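Multiple structures follow.
Across the two complexes that follow, chain A remains constant while its partner is chain B and subsequently chain C.
Right after this comes the complex of A and B.
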């Protein structure tokens, strides 16, 4: 029975993080936007759900609201990308993520401050709904990437000059990329809140961003299938070691530290020896007739 | 209110000294290797914990502990470069940056695994310190300011008066040209890592000497240190010092300034009541400054020399 509930937990958490990783892969892997503040999407999505659910809003409506809020946040934050390129923007987004978390930590009126916020609205058949939404997100990003829009953002990833020379408004595409990434990330945040039924600012530490980065780079940036693979690998390891303390004579603090050491080293080794990830992106050939 | 000003100046100077000495390594590395090293502040934490190891666990003299910790951290930084970052010369900056992110996670948790998550303090005698105007200096704070000043002056002399300094400046200016002039840029890079690592360790030790240390402190200072580096302009050593002074003062004075008075033009108007930045938001100040600089002046206030 314990095994079953463990598998159940693992499947849902992996599905949620897969959605979250797809959102980062959309921005970074496809769009080339180095977002080190990814956790703010999780944060806004989860808080939107928690606040609206407390007011008694229906779960479907609250999820849609969460996606809208988070997408809007992505759209707003993309305005900072106009003057900044690449890694500078990454450093700035890391700072923005922390500003958001400290805001929720200190503003008690907004959502309970450090004590967090709990609610008891539940999604019926949560596991199935989560899996379905993960599949839907996967299909959605695939569809977007197959569209002309997807091809333009892939060109932007390789540098601004070529799309500019083709008359594409690069900044407007970056805004849309961030907004779409935000909508998907908000969905992950909403499901995250529904799974826990309680959130507080501690859930949105920068380490969440780094874990989702590990999923994308280990899996292979720019390939959604690879991202799913990365999410599964990291989650097997992450959740698996959490239960290992029942079998191993190590205290939980030590175990948590060792687990993060392995994740850190994994990121390093992938970057050093397989910088395209374990499931590298396939380059597509377009036939010119 | 005004009687607090001397104390605020003292606190600001200490913050600035620590940020500057850690920032120097980051700015040099950023300049020569062209990537932002997220693991740089973890070197400071490593140094701080090595001091703790020698000073508290082995009961050695604090001065010896700090010197040895700086040396070992410098060597560790060189080793990291040899093992990891040497494979990434000349690739797109995002790859070494993500690698450094992985390294920082591994280092932070390695320290946590070895020394635990508890808050630690050094074995220093508490003393009454000295009173200057209405400000209070502890003896350790005087030492901190002294050590940082001496290190900075020493580094300045190294840059300007020695052959190695000249090679460093040439490499930072134009790596290819320096190589063409038969400067061994790889050797210069190693020295940069060593100096950056040991300066970071000094900074970490200063934090521990003045207050306390814990494994998470590297992450707490990474954004302030990046902020200082970007304020000064990447690669500008003197810019780091100025950036650190600006940030140190803004952070400490920022929460005491009544912005209500400013908005009311010093009493001419009566639009708002007292308007202070809440103390809880003190850590946010460098984050906001960082975002604003990156938005409007990514080359820093001073730019590169």
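Right after this comes the complex of A and C.
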């Protein structure tokens, strides 16, 4: 019975992180936006759900609100990308992520500060709902990337000059990319909150951004299927190492540190031997008559 | 007058890269822009295409003032440029490079994707047909699904011309299309330009070129820049005889 509930937990958390990784893959893998503050989407999504669920808003509405809030945040943050290129913008987003977390940590009136918020809403068939939403997110990103819109953001990934010279409003495309990434990331945050039933600022440390980056890089940036694969691989390592203490003579503090080392080594291995990830990006092939 | 530039000025620190340049490009002609290295040719292109803001003067295209517009807005008015350094999207296929170049695609607007799906699919089909015919012109049919990054330098120059054909601009601005291309391919490139681009009615080309053979074989008019100033303007034979032009090229050659 215990093993069943563990599998249930693992599948749900992997599905949630898959959605989260899809949102980063959309922005970075497809759109080339280096976002080191991805965790702020998780944070806004989760807090929106926690606050609204406490007020008695139902599941579907609270999730939609979370997606809207997070998408809007993405849209706002994209304005900083106007005059900042690549990695500089990445550093700025890292700062934004921390600002958001520290805001929730110190402003007690907003969401309980360090004590966090807990709410008790049980969603029937939550794991199935989560899996369905993960599948939906996957289908959605695939559909967008198959469209002419997707083609333009893929061009922007390689630099602004070519799309600008072809008359594409690059900044507007970046805003939309961030907003879509925010909507998907907000969904992940909402499900994260419903799964934990309790959130506090500790849940939104920069390490979450690091983990989701690891998923995209290990899986293969620019390929949604790869991102799902990456999420599964990283989650196996992440959760699997918990069992290591049953076999190895180490305490849980050391184990937590060891876990990050293992993931770091995995990233190094991928960078050295499979720089495009385990599932490299594929271009759409056309039949030319 | 398709393009008219009046007193364009560009200052980089203490350097006046463009010092009051005025010139006109007439419709349905090929206008060449030559000058020694550092004379301001590419700076002029960057100012006209909006990639650099100008520090003075006015630029009009099709009667509209364009020098305060963003590069993408200028491109949407029908003025498309190429770059001296290749900008092909190397992680995309040759065909995708062409498809993305088609102007005014409905499917680029997110809100039109669902209600306008039939229109989007129809446009995609049309663009694919157009891109296929351009691939045939370039002799690239077998490379359609190849990554642009796998093409040679010369092939990428051809691809940049293909992207322009796809974009169907009113004016082509070519920044050294033959730089770094071997002589045989230059001949092919020239033949391609003449046959597929210049012969089209209403095609206007503004071209930066160092190769005098290319200039004299396709240009109706040549403008010469030196140290940010226009020093001569005329037909290719006139320019080749112009003493001031010869002096500026020779003086530079002596210095180095």
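Going forward, the second predicted complex is superposed on the first by the 282 of 289 C-alpha atoms of A that agree within 3 Å, B and C clash if a C-alpha of one lies under 4 Å from a C-alpha of the other, contacts with A are read in each partner's own complex, and residues count from 1 in each chain.
Going forward, a residue touches a chain if its C-beta (ideal position, glycine included) is under 8 Å from a C-beta of that chain, and two chains touch if they have at least 3 such contacts.
In this text the structure is predicted, and so the values were computed from the model without any measurement.
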Quiz item: If you stack the two complexes on chain A, which partner ends up touching A:283: first (chain B), second (chain C), both, or neither?
Solution: second
Self-check item: chain B versus chain C as contact partner of A:149, first or second or both or neither
Solution: second
Quiz item: Just chain B (first), just chain C (second), both, or neither: which does A:233 touch?
Solution: neither
Exercise. Applying the touch criterion given at the start, work out whether A:225 contacts chain B, chain C, both or neither, answering first, second, both or neither.
Key: neither
Quiz item: If you stack the two complexes on chain A, which partner ends up touching A:176: first (chain B), second (chain C), both, or neither?
Solution: second
Practice problem: Once the structures are superposed on A, label A:157 by its partner contacts, choosing first (chain B), second (chain C), both or neither. | Solution: second
Exercise. In the overlay, work out which of chain B or chain C sits against more residues of chain A.
Key: B
Exercise. Applying the touch criterion given at the start, work out whether A:166 contacts chain B, chain C, both or neither, answering first, second, both or neither.
Key: second
Exercise. Report, in rising order, the residues of chain A that make contact with chain B in one complex and with chain C in the other.
Key: none
Quiz item: Quick one: in the complex, what on chain B touches chain A?
Solution: 35-36, 84, 87-88, 91, 93-99, 101-110, 112-113, 116-117, 219, 223, 226, 230, 278, 280-281, 283-284, 287-288, 290-291, 294-296, 298
Exercise. Give every residue of chain C touching chain A within the complex, in rising order.
Key: 49, 51, 70-73, 75-76, 80-83, 87-93, 95-96, 99-101, 103, 105-110, 113, 120, 123-124, 128, 132, 135, 141, 144-145, 147, 163, 167
Quiz prompt | Complex contacts: residues of chain A adjacent to chain C | solution = 144, 147-149, 151-152, 154-155, 157-159, 161-170, 176, 180, 222, 281, 283-286, 288-289
Practice problem: Please name which positions on chain A make contact with chain B in the complex. | Solution: 34, 36, 80, 83-84, 86-92, 94-96, 98-99, 102, 105-106, 206-207, 210, 213-214, 217, 253-254, 256-261, 263-268, 271-272, 275
